[in-house]
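Lettered A, B, C and D in written order, each chain numbered from 1.
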Amino acid sequence: SLLSQRRLPDEGWSNQNIELLLHELSALDSNNFTDNIGVGEREARIYSSIVRSRHFGLGHGIGRAGDIAASQPKAAGSSLISKLTSYLVQDAFKIAGLKVAKSCLVVPLATGMSITMTLTALKKMRPTATKVIWPRADQKSCLKSILSAGLDVVVIENIIQGDEMTTDLLKIEEMVDSLGADSILCMITTTSCFAPRAPDRIVKVGQLCKAKAIPHIINNAYGIQSSKCCALINEACLQGRVDAFIQSTDKNFMVPVGGAIIAAPSEELTNAIAADYPGRAAMSPILDLFITLLSMGRQGYMTLLADRVECHKHFKESLTQLAAKYNEKLLESKTNLISFAMTLSTFDRPTEIGAMLFSRCVSGTRVVDVKGEKDICGFKFKGYGSHGFQSPYISAACAIGITKQEIDEFIHRLDKILRVHPRRTNPASQTTENIIQDGNDENGAENE
Amino acid sequence: SLLSQRRLPDEGWSNQNIELLLHELSALDSNNFTDNIGVGEREARIYSSIVRSRHFGLGHGIGRAGDIAASQPKAAGSSLISKLTSYLVQDAFKIAGLKVAKSCLVVPLATGMSITMTLTALKKMRPTATKVIWPRADQKSCLKSILSAGLDVVVIENIIQGDEMTTDLLKIEEMVDSLGADSILCMITTTSCFAPRAPDRIVKVGQLCKAKAIPHIINNAYGIQSSKCCALINEACLQGRVDAFIQSTDKNFMVPVGGAIIAAPSEELTNAIAADYPGRAAMSPILDLFITLLSMGRQGYMTLLADRVECHKHFKESLTQLAAKYNEKLLESKTNLISFAMTLSTFDRPTEIGAMLFSRCVSGTRVVDVKGEKDICGFKFKGYGSHGFQSPYISAACAIGITKQEIDEFIHRLDKILRVHPRRTNPASQTTENIIQDGNDENGAENE
Amino acid sequence: SLLSQRRLPDEGWSNQNIELLLHELSALDSNNFTDNIGVGEREARIYSSIVRSRHFGLGHGIGRAGDIAASQPKAAGSSLISKLTSYLVQDAFKIAGLKVAKSCLVVPLATGMSITMTLTALKKMRPTATKVIWPRADQKSCLKSILSAGLDVVVIENIIQGDEMTTDLLKIEEMVDSLGADSILCMITTTSCFAPRAPDRIVKVGQLCKAKAIPHIINNAYGIQSSKCCALINEACLQGRVDAFIQSTDKNFMVPVGGAIIAAPSEELTNAIAADYPGRAAMSPILDLFITLLSMGRQGYMTLLADRVECHKHFKESLTQLAAKYNEKLLESKTNLISFAMTLSTFDRPTEIGAMLFSRCVSGTRVVDVKGEKDICGFKFKGYGSHGFQSPYISAACAIGITKQEIDEFIHRLDKILRVHPRRTNPASQTTENIIQDGNDENGAENE
Amino acid sequence: SLLSQRRLPDEGWSNQNIELLLHELSALDSNNFTDNIGVGEREARIYSSIVRSRHFGLGHGIGRAGDIAASQPKAAGSSLISKLTSYLVQDAFKIAGLKVAKSCLVVPLATGMSITMTLTALKKMRPTATKVIWPRADQKSCLKSILSAGLDVVVIENIIQGDEMTTDLLKIEEMVDSLGADSILCMITTTSCFAPRAPDRIVKVGQLCKAKAIPHIINNAYGIQSSKCCALINEACLQGRVDAFIQSTDKNFMVPVGGAIIAAPSEELTNAIAADYPGRAAMSPILDLFITLLSMGRQGYMTLLADRVECHKHFKESLTQLAAKYNEKLLESKTNLISFAMTLSTFDRPTEIGAMLFSRCVSGTRVVDVKGEKDICGFKFKGYGSHGFQSPYISAACAIGITKQEIDEFIHRLDKILRVHPRRTNPASQTTENIIQDGNDENGAENE
């Protein structure tokens, strides 16, 4: 029925049933045939019984030389899992509110490499266009993914609007006019990013792309969990042009790092990407997603999404109170409904707060102190890590799977640190260096 | 001691000990800290207990935005496994006879994508060079990996020498002179490929590359298991120029498809490749290799290598006898010590033999009937699948992990088919189509 | 800290941490030593890697020839797990409200065999006493456990009190007087059993046992989950004599069938039982309990206990309403707080209702129609399955781990069946046969 | 086909296929039904996902109140595994050379408890017989298993014959005459035991039992691996009376400790034992055996048996040489083809040699110095551990699964110790204490 329905089961399956299915599918791969004789150079012989068992005997990976999405005759079971996963993902997208994904390519590459793959495929279609217009988002891997594809990045600085950093549409239009649409391979916009960066105004960008016949790629890394991001993409597709949107499997579906979903309103681009892929690839990230989606079921996934919304409300209230206690402010955003930024203007050396959090087993926050300029892959960024924002702040995310308990404990630990942290005697005398301190990533990039 | 010795244990470890180590290392990753509070967008929360367990709780993948080989502060255990794996691989290379690998980058990408990554990194160093000289090897994924990097392929047709297809050095030299060394990004040679293709004459090519200052990449996909291929690479490095050699983890070390090792005589290029990688990546293929190498140990690996040599001898004798029985010939090769090609000149519609083998659970053979021309990714290849060879033949490989029992059973099944297969009444009246029939891959590409 | 604290962790451990500990402990067993050479007849060599892995490499079982609770020098890790499990169980008992267990012997035998073992040990202490006084509880395995020990059973029929069947204390006293205390090996009372049987009046029985110097064993199979049963045992120990109380691991702690806990107010009897055990025994049920208790932690276990109380309330209300709808009655009990009995007096052929429930995937109910006499192991029981109760009824249990969802679904399915089931035209014209129909056990025994 | 053939597969199954089967069978148990609602007190809810996974979701154990071999309606899959295991065992017995097992009851009890169960069932059939005639074998658990059943042991001292201790048939006959056959519940003979104890002369004992109508139980703990023991049992059944023979699953089939096989020439006794068992029991030891037998297959098992014979030859030669080197003697046995005894007459304090071996990671040897008397369970044994033999010696076993490498390493380590161990200046001046030192078991009992 999974095969015929091609959608998430209503109730999540038991581990028992999932494992039964995996063993049944694995038995369809030739390396698991009782009579199989392999005299090729690659026969999915697995040496270690630990390794065999952790992959349920699936050894052939996915794809074949011709196409990463093609069925592998030696591995009917693996191929089926790969296909089914893409159907399940499409259904999960609908549940999350993303209605416009007509094609979902699940690849064993993280978001960055998936963007590179997408750009490479686009480049074949527009061989003379070499520039990528990219509204700044202080996240190193997206920038690198464009450079990896051998393209020129045109950074568009953000403008401030209310408490948020958002897309400078005018500057994009000017840039298109000045460069000429034909020289522009595509625009890459971002939906999910750390506050106070808002999601890009992708509806407007999409309209512009449509008008100018420029491809439009959306980096929606962890946006599936936010119905706001999903609604924006729906709208951008309806009113404008979107060629593909890319999301991480681990950030949206609670699997280990390693996969991404390249989705598109039509099959053309995803087919081209699949056909471009040179050779086979690992199956593991796809298998993880397959198992996880069966385990969640529609109910489980809806509960996770609803819980996150609940947690977001709770997180916001808690941070608002905490900010008030220290004369700080929780920055307002109507569109970034995943992460928060709270100012740290009254504290001395605010980045030390990030370090202290990390040493107290809090991971994932970023404390940004916004002076100076930084060179990232040859580009100069003012106040890197802040997306251009002009005050020190701490950000934190309310990601899928978080619990109220964790939020409360985070607030508690942060409060304990702030209580004793030295305050700024003269708020104007800020350092001139740009420092981000979260223990996670010296470059302030999100942890791609 | 593993940490200090950084080499394969003499005796393979028990599963018990391997799992203990994995759990200990996993406990170093922040998502497994008892007190951890994650408020980032990526905290390695794992939904399914099946998924968590199959990854031993390792959820953060490898790398960080800046560098795929960099330690991830959130994931000290994962980072350590990644480092250790590269040491173990280097040691395994030495055991196999490959002495010149000063740097080994283990990536969660199969061979094809790894070549693309290598080319991309090279391109940054030689931005104006766009051509890749590639002695023909009828394997689709290598060709695609060059095209994926946005480069121009210059195919060099092979010459026949004895029973083998081998490198046309003169034509390469002519091509270098006619194109100009500066326009050539690199040469890509091939060591391991299906008979009757011999390994490229990489020592000579290396000498030419050195003389002309052209980078030289070796596609050594499954060559580590052959001491001949290893010796060739050693020699090519000593006497000429080699920038990197790339090998598959699954084809050489009996793990599931999904990883490759980019090795080089110096750290420069591998560091550049690592630093180019946009974002994190899956850890699974690296973990498989780590487990497998610990499980094999030095003794286990040496036994596997020695058994393969024994099997090769046995395979050769068996095929020679079989060929004689049907007035066919086992093609001679002194350098391709992995696979065999046996002519099928006396049989009618030889490709049907491949189909019959596949339907009798024999995988990995290729039957090539060599007429006609084929378009692969825009290139015209005469007798595609034959590397240019001019007679119908069947090939089979003696890959690591094969057993004498399997070989005997293969010979038995092939014999049974040949016994009843119609013979050619007039050996001259061949069809004019180019057909390969092995059930595996319609394009005759090896099963990358 | 587990080793020093010897109590349940406050928070349950992650699977990750549990597995790490298991692998560490397993490394202490000699079969897992790297240098171990085994030249005995039993060296815990494990053939199958599936089997090795599912036991975490623990192969030596528990105990040694001298004593099932003794440390096995070849298996320090296994021995430690066994010891720790008994400490954790003792702590869990305290959490559940059972304060009087000074010694807990966890054995890889289910409740029935554990009672047999206990009786066998008692018999050595009172070699001339051969009779066991046993207030009737219609559960075959307890009766058999006495017979297996080669003893004579003296069945004491229950009396009805309110809606319940309960202990006939007078008859017991008479029996003691008539047989003579010296001829009585012990009394075996029952706390947890299917309604409308109440727990035995064990405080009174304990007082009698104390007065007459007769050992007293309590079959507390699934009573740990009920604070009422725990309180009764506490009281019986304080005011009277209790020698041992025996409980199932699977019924109380949600592990697979196979273990029991023989607990006692002093170490004397449990030591004697351990020392009597001939040879080693399986470790698996103990390992299951160890893993489960670590996984639950104090919080998890308390939550399970509290949830069961909540569910019991909900179950009672739901059944009361359902009973009213069909002019039936939910039988009242103040002491049996685990299971329920609802009359089925108005229905024709009530046992068919049990069959229909079973075919609709409801397991665990019993429908008893109480006429006739049945021979069980040579004993005649009137209305077997009813404990002596005089009206047809259906029983169901609210056991640990049940959810409100399950209860609602059960009520729903039962309602659907009752709605269409034929009613009795003349309630007096009952059949004269004694039939129990629950699909589970033709003998009406609980599913021991 | 497993279901229809009911015998070992020719080739062992892959882990993959075994796990697939287990998951399919597990899906037949009601706790794994998607729609199951459990309202009994025992519904195989499993709390920990580690526990669930290690049991493949099988939670119901085996048996039902009425009979441990009966099918459990709630657990069709578990019941089937139990049945199939008993068929596979019967087939394995035939492969090993034991032809007379018409019925095989696989129980989750080790050998000792299995003997107790067998005696308990016999006792019901012969209620007035209370004595068990037992030719001495210095193995505590067998003695205890008789005592646990509440029976009187009549120890028959062995006689020496050549280098071996063997059955004193005359004394047995005298004893039968003096006690009267009717008072004797049964004889328990032993086949597999540590040299220099020979297997009992069970053919003669069987003939006597037949003549006198006395039941005859054979403790064949690890005898299945020896074709000699199997042949003896065949012969004893043909020429005399054998009621049951009991063997350990772990000692014969390389599974963890915990199970035994009670086999018999007819079904009568095994059925009685099964029907006597009070309640359900753990399934784990049966599952281990099921997995292992499928994994071995007929070929694998035959190889193991043949390898053991090879190893035995090698072990014997190595020990003979070693003995000669130190003027000691390897004791001759024509019937005990599992273990060896080598004298240590020329060494001072020989038991220290055992301690040194244990501290050098050699387990399973026993060094016996044979003076004095020891009290075991109330019985006085002269030179306990020696079965009555009169010289200090060391014993070692060549058990199934051992490798030549292990044997060589053992000889090497023993040689190293003997080389420096002080020799006896006056071989006559032996100590008067009886000491066994092997680090394993202070009582010299084999490690049951």
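The rule is short, and it goes like this: a contact is a pair of C-beta atoms (placed from the backbone, for glycine too) under 8 Å apart; a residue touches a chain by one contact, two chains touch by 3 or more.
Just so you know, these numbers come straight off a predicted model, no measurement behind them.
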Among the chains, which is located farthest from chain A on the basis of C-alpha centroids? D
Same or different for chain A and chain B, where same means more than half of the interface numbers show up on both copies? same
Rounded to the nearest Å, the gap between Cα centres of chain A and chain C is 51
I'd like to verify one number: the distance from the centre of chain C to the centre of chain D, where each centre is the average of its C-alpha atoms, in whole angstrom. 31
Contacts with 2+ other chains: residues of chain A: 15, 19, 49-50, 53
Interfacial residue positions of chain C with respect to chain D in the complex: 15, 18-19, 30, 33, 35-51, 54-55, 58-62, 64-66, 72-74, 108-113, 115-116, 120, 123, 139-142, 144-145, 147-150, 192, 194, 221-222, 248, 250-251, 253-259, 276-285, 288, 291-292, 295-296, 304, 338-339, 358, 361-365, 396-402, 406-407, 409-410, 413, 439-443, 445-448
Given the complex, residues on chain C that touch chain B span 11, 14-17, 19-20, 23-24, 26-27, 32, 34, 49, 52-53, 56-57
